[in-house]
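Handing you a structure now.
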Amino acid sequence: MSIEPANLTAQMQHRAAGNPPSTLPAAAISNCFPGLEFDFRNIWRRIFEGIELHEAHGLVTATTNALSRLRGLELVEAAGERTLVEVRGPTPTDPDAVLDASFIEWSNALAGFLRTSAGQAVTCRFARPPANPNARRDATPPIVATAELVVRPLFAHSDVTDGPTGLIDEAIAQPGELTQSLCSPWQNDYRECGCYYWAASRPDYVNRESTPQGPSIGNDWMARSYDPKVYHEPDSGGDPEQFSYEDLFDDWQGLLRFIVGGQDSE
Amino acid sequence: MIAELRILPPLAIARFGAAPTPMDNYEAVVDPARPLGYRALRPAETLEVDAATGEIARTFVPDRLSFTQDGLVRPVAPFLEVWALTDAGQLEPLTIELLRGEGATPDDVRWSVAVANRKAERRTHDPRDRIAAAAEVADHARHPLRGTCEHFWRGKSIPFGHVQYVKPTAAHPEIRLRFTPGAGHVYGASRVAPPGGPRIPNVVDVVYDGSRGGWLGHVDSTNDITVPGGIYYGGADPSGESRGYLDDGCDGIVRASVRLGARTLTAVGRIGAGPPTYAPDAVPIRSVDDELEQALLGPEVQPGDATIERVEEIVRRAFETVRLMNAAAMNRGGMAGHDRAYGRTGPIMARSLVDDVAVENLHQSVLVALRSGSAPWFADVLRDYDEVGDLTDRGRRKMPAMMRGADGLHLALTRRQANLIRALVRGPVFPDADGEQP
Amino acid sequence: MRSRISRHLGLVLGSAPQDDAALDESLTITAPGEAPLLPSELSGRDYAIFLLRLAAEVEHALMVQYLFTAYSLGAPGLAAGQQAEVRAWQETILGIAKEEMAHLITVENLLTLLSAPLNFNREEFPHDTVLYPFEFKLERASLRALAAFVCAESPARWPNVPEEQEIKELARQDAGAPVNRVGRLYAELARVVGDRTLLADGDFDADTVAFQATWDEWGRGYREGERGAEPMSGFPELLAPELLILHARSRAEALAAITEVGEQGEGADLPADGDQSHFLRFLAIYRGMKRLGDGVGVRPLAPNPTTDLDGPDVPRPQGPAPEFPATAITHGEARLWAHLFNVRYRKLLVNLSHAFELADDPGEAGRLTPRGALIHRTFSEMYNLRAIAGRLVALPVDAADPGGPRAGPPFQIPHTLMLPPDEVGRWRLHRDVLDAAAAIVLQLRATGSPDGADYLAALAQMDAIERGQLELLIAGRVAARRGAPTP
């Protein structure tokens, strides 16, 4: 058994003997708001040397002394890629009005230059955060500072192959930082989101069956009782028919069911 | 000669559970005869480690899979293997024999593990709220990872599980470490030393000293709070004050060092512990693997990267999420509800289209068509990464639909995933006569 | 069959192709104060329905012919640059076909608005009226075929197109007669629908809107035109299709729909939003193929492929032999795929027509009709048609000539497109079609051919799932009819 040292995806996806597939990064949700296994947004906080970014938006939370002028500003452009997008939608008078602006996730925002510019300086532009955090944002705020910042390689370097390895470099995140912005305790995340983008880890609608009327019936995964098959809406820990936070803290192992083939399993 | 060591996988995920026996190994495979069905879970070769000796007592394929044991969840406890980059220019597992070639033995291997839970620290910005554990391992005993914190009551800790250097044997000569995570328990806080106060329900132990640390009673208020904010337990108290709850989740770094004569080679890997995969036959549509692949290879795809199989896997994952959610309900709530922050109310899709049977049929039909080898056609319905804030009717209906991304807006695939699909869309509509996609 | 249609038309329009300008005049001739010209035996409302049903057939036929021509493109073996250009033509024509599908749905909406019978058929109408562009035929891409498409979508007066005469002549050769422009039909529709003396305001029944199709349901993320021209996601150099799925509650909305649909076809100028009409898009492809060479990148598909070994399914009129005879598909595996294609085509039409029978009734809170499933399954069959066409264009049409012309999608119309009058019968019809498909899939899988085997396995599973759902629906409807509580 051997692997090409340059084949990094094969290394990252390597199933060590005895490891089930749930041990692999492919089993971990990453459209993380904030996530379950990791808040993977944390890998971008130190992607520029000399500054630390907020995991979810442009705020510069820490800097070296030399770059202290950037602290408290927001990164709005890097290597020509904008980190803010307009939020658009209809208003009573305009079917396609600008409603607001929002930072887009780092992973896609930085992807255009991350690999090609690793170890090199790129031009970063910064703006002042809005004075009123609740006010509507501008997607192209005035630039108040510009800096040439070196893109820190995300992956550790191999001196032997003189290239990246599949390891997220130690300089990127210290122990505890990949999970630091997740819910505390983790059970909270099973209760509060109301948007099921992580059905693989946290199913929503199970034991479904078709009905003579067309649409199906099924169980709400978080329901206390699975009989009869009723879906409880909205998802809420305050609904006596659904598990509460406290139920999960006390006995998540006894209450939550593994779902295989869409049906209860054990 | 060994030039370099690596730990594979470089990022291993453990999953909580209090059952004594870790989860068995399995495969989740698409049955070619039932390509629209769920991935079939098939038991696979499992390593059973003797707790006392650290040796692999036996390998076996279980008769059936069970994710629980006597009402408790079986933890997922990954192995981390050390691989060696040799003169042959290939990575291969580090074994007794390879070590012997260097004049070394498994006793020359040292492991060091450092993990932490910084959830409280992230909110309070007080480093004394960091819960950290470390282990230095030179033998094959179980080494507990006791999470300690300056603000814990005296003698209190949170067990983050344990690590064990699996003892290589003739039958299993590879160098590996196993990480077994914590049980997934909740830990509490108090302002008077336990057991002085009344028992706090919900928690297995009271560890945090709220008279010294700020986590008990904390309220998110700084300008760098987590997004979303306030995601800690505050009970029914409308003040949003933290009850000081903590968990035994953690992530950290594993280091394996081997003394080879005058040289010491070190390999590094990462571990994390999180909740179980409650639908183990489903894979998230956008996973950590997709992020890593994009970071590694860039958003642009090379000829040959884009295959029907890759696109089918993306669609399959979407299907796996869709059929575990109540699409009709999500169309009313879920992302539709989150859009209210921007003044958009009302459902996302036409009501008739989110009948969940119909939604399932739709995703199935896309999978069926891809199986014909004809190119995908649905690039125009994909949400681009910079369209996540498009809340027009059309923007909200793009795919993946009714899901949330890391920015809190509508989910987009990674740019690389989207480009994989687009590259095939641009390609020939039909495979050539020989059935091969060029 | 033909006479019952054309006898109405001759009175209004004449039956012999005439000079374009003269024809356009004849459509609008009414002396001041005179009653508008109507075909004998027809009322104004009736005539509007007649024209809409004709429009439905024209849009349906154009869509199918465009699809066939698009599928013929992409023969392997081109240089990379040429391959990309031919691929862009193909995508452009597929986009136009999608827009024709939207036109068809809009026309069915207008029929619904007039409480008229819908028309999903294609072969009820004569091909020798001035309102029909050319005789229906399935042919691979060529300068002649493209010329016919250009003419069919052309405006009354062409903009400055140096090749105008050359294209018209090629189109005439292709069609065997001058090609009529579809725009004329829409102009006549606009005249009739806009005339209060022909249709009363009360003829436009706003209550039918719950039965009409909407872009919300059928638009699939394609643009509705709200932001003007946009590039295609996969082909940034091309404009994304714009699906004009328009519903109407009144005469004004009906007229607006007719105008928009007409303009998307024949627009001669670049509109302000940068969109291109079908006319201009086909013209660009014509010019491209002329530059690369007639037939470059075209698969050698046989014309008018059919599973009927004796020739076309529908008897042809007396007269000179058509220039494009039908080609019987005799190659065994190709025949099976062709039969499967026809069944899926039928399934598409059954799904589509059934969807118009079920209202999207917001009054039924929390209670969904299976209308959404029918809509999704209509798209599902479009994907299937594409997938099966991919097999057909790779297989020989003639068992005796394995290296000869390839088969292609036959698009044969089923024996009936009438829907049963009640839901039980309709769901049973769906089941019948699935069963017919299952039998063919079984035969195809028995050939042991590895090509398409994965697809057939997946298709069989999908159909089995749907069949289970149909059985439930049928049982539920039967029980409801008997007044029993549904199981």
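Lettered A, B and C in written order, each chain numbered from 1.
The criterion applied here is as follows: a residue touches a chain if its C-beta (ideal position, glycine included) is under 8 Å from a C-beta of that chain, and two chains touch if they have at least 3 such contacts.
This is a predicted model, so every value here is computed, not measured.
**Student:** A-B or B-C: which has the larger count of contacting C-beta pairs?
**Tutor:** Counting C-beta pairs in contact, A-B comes out ahead.
**Student:** What is the chain whose Cα centroid lies farthest from the Cα centroid of chain C?
**Tutor:** It is B whose centre lies farthest from that of chain C.
**Student:** Quick check on this structure: which chain has its C-alpha centroid closest to the centroid of all protein C-alpha atoms?
**Tutor:** Looking at where each chain's C-alpha mean falls, the closest to the middle is A.
**Student:** Distance from the CA centroid of chain A to that of chain C, rounded to the nearest Å?
**Tutor:** So the centroids are 45 Å from each other.
**Student:** Please compute the C-alpha centroid of chain A, do the same for chain B, then give the distance between them in whole Å.
**Tutor:** 11
**Student:** From the mean C-alpha coordinate of chain B to that of chain C, what's the distance rounded to whole Å?
**Tutor:** The separation of the two C-alpha centroids amounts to 48 Å.
**Student:** Can you tell me which residues of chain C touch two or more of the remaining chains?
**Tutor:** 226, 368-370, 373, 469
**Student:** Return the residues of chain A touching two or more other chains; collapse runs of consecutive numbers into ranges.
**Tutor:** In chain A, the residues touching two or more other chains are 95-96, 210, 214-215.
**Student:** Mind pulling the residue numbers of chain B that touch at least two other chains?
**Tutor:** In chain B, residues 37, 328, 355, 357, 392-393 touch at least two other chains, as defined above.
**Student:** Going by the contact rule at the top, pick out the chain B residues touching chain C in the complex.
**Tutor:** 32-37, 328, 349-355, 357-359, 361-362, 364-369, 371-374, 377, 379-382, 384, 392-394, 397-399, 422, 425-433, 435, 438
**Student:** Would you mind writing out the residues of chain C in touch with chain A in their complex?
**Tutor:** For this pair, the touching residues of chain C are 226-227, 367-370, 373, 468-469, 472-473, 475-477, 479, 486-487.
**Student:** Can you list the chain C residues touching chain B in their complex?
**Tutor:** 71, 74, 76, 87, 90, 94, 214, 216-217, 219-224, 226, 232-235, 240, 360, 362, 368-373, 375-377, 379-380, 383-384, 386-391, 393-394, 450-452, 454-455, 457-459, 461-462, 465-466, 469
**Student:** Going by the contact rule set out above, which residues of chain A touch chain C in the complex?
**Tutor:** It is residues 95-96, 210-215 of chain A that touch chain C.
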